[in-house]
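Chains here go by letter, A, B, C and D, matching the order in which they are written, and residues are numbered from 1 within each.
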């Protein structure tokens, strides 16, 4: 009689499976996990630690914290960061001092490993939460992180 | 009466078919050269290298901190365990004393990664045998884990959370609560997995007795992880060579003896339960302390050879570093589980049908970047 | 041809008044064909949308909801997209058969639609071998699939086509026999006749246990006949890519796609007609308003369509040999036994009728 | 078995073996190329060693020589051993295949052949596994040069 009990058991397992999907069908209105992405831009908030892109925060006086030590450039596995630096005269001491000219960041090469941010001694660079990085021209992905005319925040090097 | 004799020379013709590199069932750019007789598989020959990035060669010029992030890109579904493997190798070589907190967190995240990987596998397994809905249910639960990872590590897939010496940063304050929520949630969902797919008569018919791998063959082919354990081969690195905080927890190694596709499936389901129990044991008592031990900015391993095994979601990942005392390894070899597991595909798939091959491949749980490295 | 709804009656009379009789008959046929074509092209598209939404709801998703209200125009947009797509094909394909195949499939499924009694008198073609016609016509479609798979010169497509042949030949038996079981009660193959019999109780009630078994067998075989999961061996996405229509694109692909959904509707419509009293309302509650028959017919058919969708989004796919095992070892013997039981019931007047 | 007793047992099979434990967590044994297959066969089939699990097979370019490192483990006794062999021949290095002893070696040896150009005799299907068949050179060798694809830091 195993022939008939097989049929019975088989149908039973099939109905159990259908009950699972059926339950979700009935509760589908509130169960949907879809995020309607471009519509929910306002409410979509990334986590604080989300690695979207590397940014260099500037304060209200257009000052950043990068001393140009190039540790991030060395730490980067992909050559994403290039620091073009120069020696300028320090206003206070009058000595020649290293300062950044351009902090070039190639987002197209970045693997978001976070080693640069981990290694930065002055917390000059941080993770930005922006994830909408697509562009039509890949040169747009090469960014200069320090804003024009910005200078080093006082007291960072101490 | 005239007798009609069939032409005895009639021979069914074997033909050749390319499965992949863009085939839905090969999960990536794996190309299988199949020799088929009707529906019966006569020979399977994998053709690899479509995404080989030569990570081992890159490692020979990178610093040890940088190597860690490359391992994310091997078996991306258990990225965190790969990271841990390299970090453990370096830490053992440097004989660093790692704080308990780091060990526990690493184990928790490692086990969560395993669950997340198995969730995805479960969904894809269902999809490969034709039940598309499982895919979304698997992803729903995996999404919760990804959120936990994202909150703590900042990334969902390629986390790069471990550094030689500990963790890149401490766990997020919400971590413990979220993990507990997940455990309660997932405990209600796992039985649902069983009701939807495991018990299903069609699924059982599709998987039982398909792709049988004997214990001897499993060892000989270097099968590891759930593939080996389904054949009755006790190969859990977490049991035999415990690392991090795994010596402090109790769990059962999921073992089956049948060695068929269904056994491999059950082993993975069992592993999800075991991983849940490991996380449960650890989550309430994460010790206080440092999350990172300071290392030198340029890590140089002493001259010598170092080997570290860990158990990723797919099996045994070995990291073999030959150091000459410089800042980069002289030679670094990743013994990846997928590569060995793939090598036995021809052995177990021959004689089955195309549908069997797909089901078998689904339970080998191949991640192609892990094979191609 | 009996069309008694007032609007068609008017057109009928008007046509016969302006033309000679033969011409008017042809004109009327063409007109009806065009109307059916229009209705069912739209109905097919609607079914595609329904399937996508239902699948989404089963899978914790929302489904297409952007084009038109709640995505109602989504499949229209898809159809327009497919119309404007380039028709690609393999270089060494057998061009004639390759181009012929989609029409086989779509025409056979449209032909089947002509005999359904959507409501009293709303039936294009009340033929006295109705069920026989349906079974015969719906099995022509497989020739299109076989041709398409074979002629496109692609091994995946060919495997799909061969599977389709095996599958349809086997499951045809179950469909035929399970419908035959019900014909034992009605004693007629004519669809209007079958509906007439059901005025004293739907056949699934009249035939009780054997009828329910016959219905289950019919639904399983019907799902297999339409090549839908869990019997989608022909397409078997994870095994064969897209199966027999791998090499089709644009509108030719759309024909296959549309035909699948219309076939699904046909299977449900046959079940509605034979088991669930076609346009008859439950307990005769709207017997006085014959137009509502269409509503009842579509409601019943859609419930069955939904059931098939539920199957599809729950079950894994069978393997080809299991598919045949299921048919030859389980469905066919059960079916034969079922016929005998049904015959005994009818002989001893054990059917339930009100 | 302890490393000590392993060393004694295996050392008795051939006089040409060199043992070391320095700079490694395992017992290392260096085997001459000619004796490799015999020693490996014994390591697998001897009842006391029973190394049935080859968990890693690594090709190494030692600068002068090309070598292969075999990591063995016994699933019965849970002891491990590292077998090393190397050949000074760089143009046409030949090492015996251990495919017939451990089936997993089939793929791993193909990988080593692909990246180091070491030819394994008696291998059933020795051809490039990752790279295309017409690839020039063996990328993981230290003297490999590719000015386009390799970025030297």
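FYI, a contact is a pair of C-beta atoms (placed from the backbone, for glycine too) under 8 Å apart; a residue touches a chain by one contact, two chains touch by 3 or more.
Not measured: the values here are computed from a predicted model.
Novice: Which neighbours do subunit A and subunit B have in common?
Specialist: Chains in contact with subunit A as well as subunit B: C.
Novice: Average the CA atoms of each chain to get its centre, and name the chain whose centre is farthest from that of subunit C.
Specialist: D
Novice: Applying the document's contact definition, name the chain pair with more C-beta pairs in contact, A-C or B-C.
Specialist: Most C-beta pairs in contact, of the two: B-C.
Novice: Measure off the straight-line distance from the CA centroid of subunit A to the CA centroid of subunit C, and report it in whole Å.
Specialist: Distance between chain centres, rounded to whole Å: 52 Å.
Novice: Return the distance between the CA-based centres of subunit A and subunit D, expressed in whole Å.
Specialist: Roughly 42 Å, centre to centre.
Novice: Counting in whole Å, what is the centre-to-centre distance of subunit B and subunit D, each centre being its mean C-alpha position?
Specialist: Here subunit B and subunit D have centroids separated by 25 Å.
Novice: Among the residues of subunit C, which are close enough to touch at least two other chains?
Specialist: 58-61, 313-315
Novice: Specify, in ascending order, the residues of subunit D that touch 2 or more different other chains.
Specialist: Touching at least two other chains: 153.
Novice: Counting only residues that touch at least two other chains, what does the list for subunit B look like?
Specialist: Within subunit B, the residues that touch at least two other chains are 62, 133, 136, 140, 196-197, 200, 202.
Novice: Dump the list of chain pairs that touch, please.
Specialist: Chains touch in the following pairs: A-B, A-C, B-C, B-D.
Novice: For the complex, give me every residue of subunit B touching subunit C.
Specialist: 15, 17, 23-25, 39, 126-133, 135-137, 140, 196-197, 200, 202-203, 205-206, 353-356, 358
Novice: For a test of understanding, state which residues of subunit A touch subunit B in their complex under the given definition.
Specialist: 9-10, 13-14, 16-17, 19-21, 33, 47-51, 71, 75, 77, 111-115, 118-119, 127
Novice: Quick check on the complex: what are the subunit A residues that touch subunit C?
Specialist: Against subunit C, subunit A makes touches at 7, 14, 17-18, 20-22, 24-25, 28, 31-34, 36.
Novice: So in the complex, the part of subunit B that touches subunit D is made up of which residues?
Specialist: 48-49, 52, 54, 56-57, 61-62, 217, 219-222, 224, 233-235, 240, 302-307, 309, 316, 318, 320, 322, 331, 333, 335, 339-340, 342-344, 347, 372
Novice: Can you list the residues on subunit C that touch subunit A in the complex?
Specialist: Of all residues in subunit C, those touching subunit A are 54, 56-62, 310-311, 313-315, 330.
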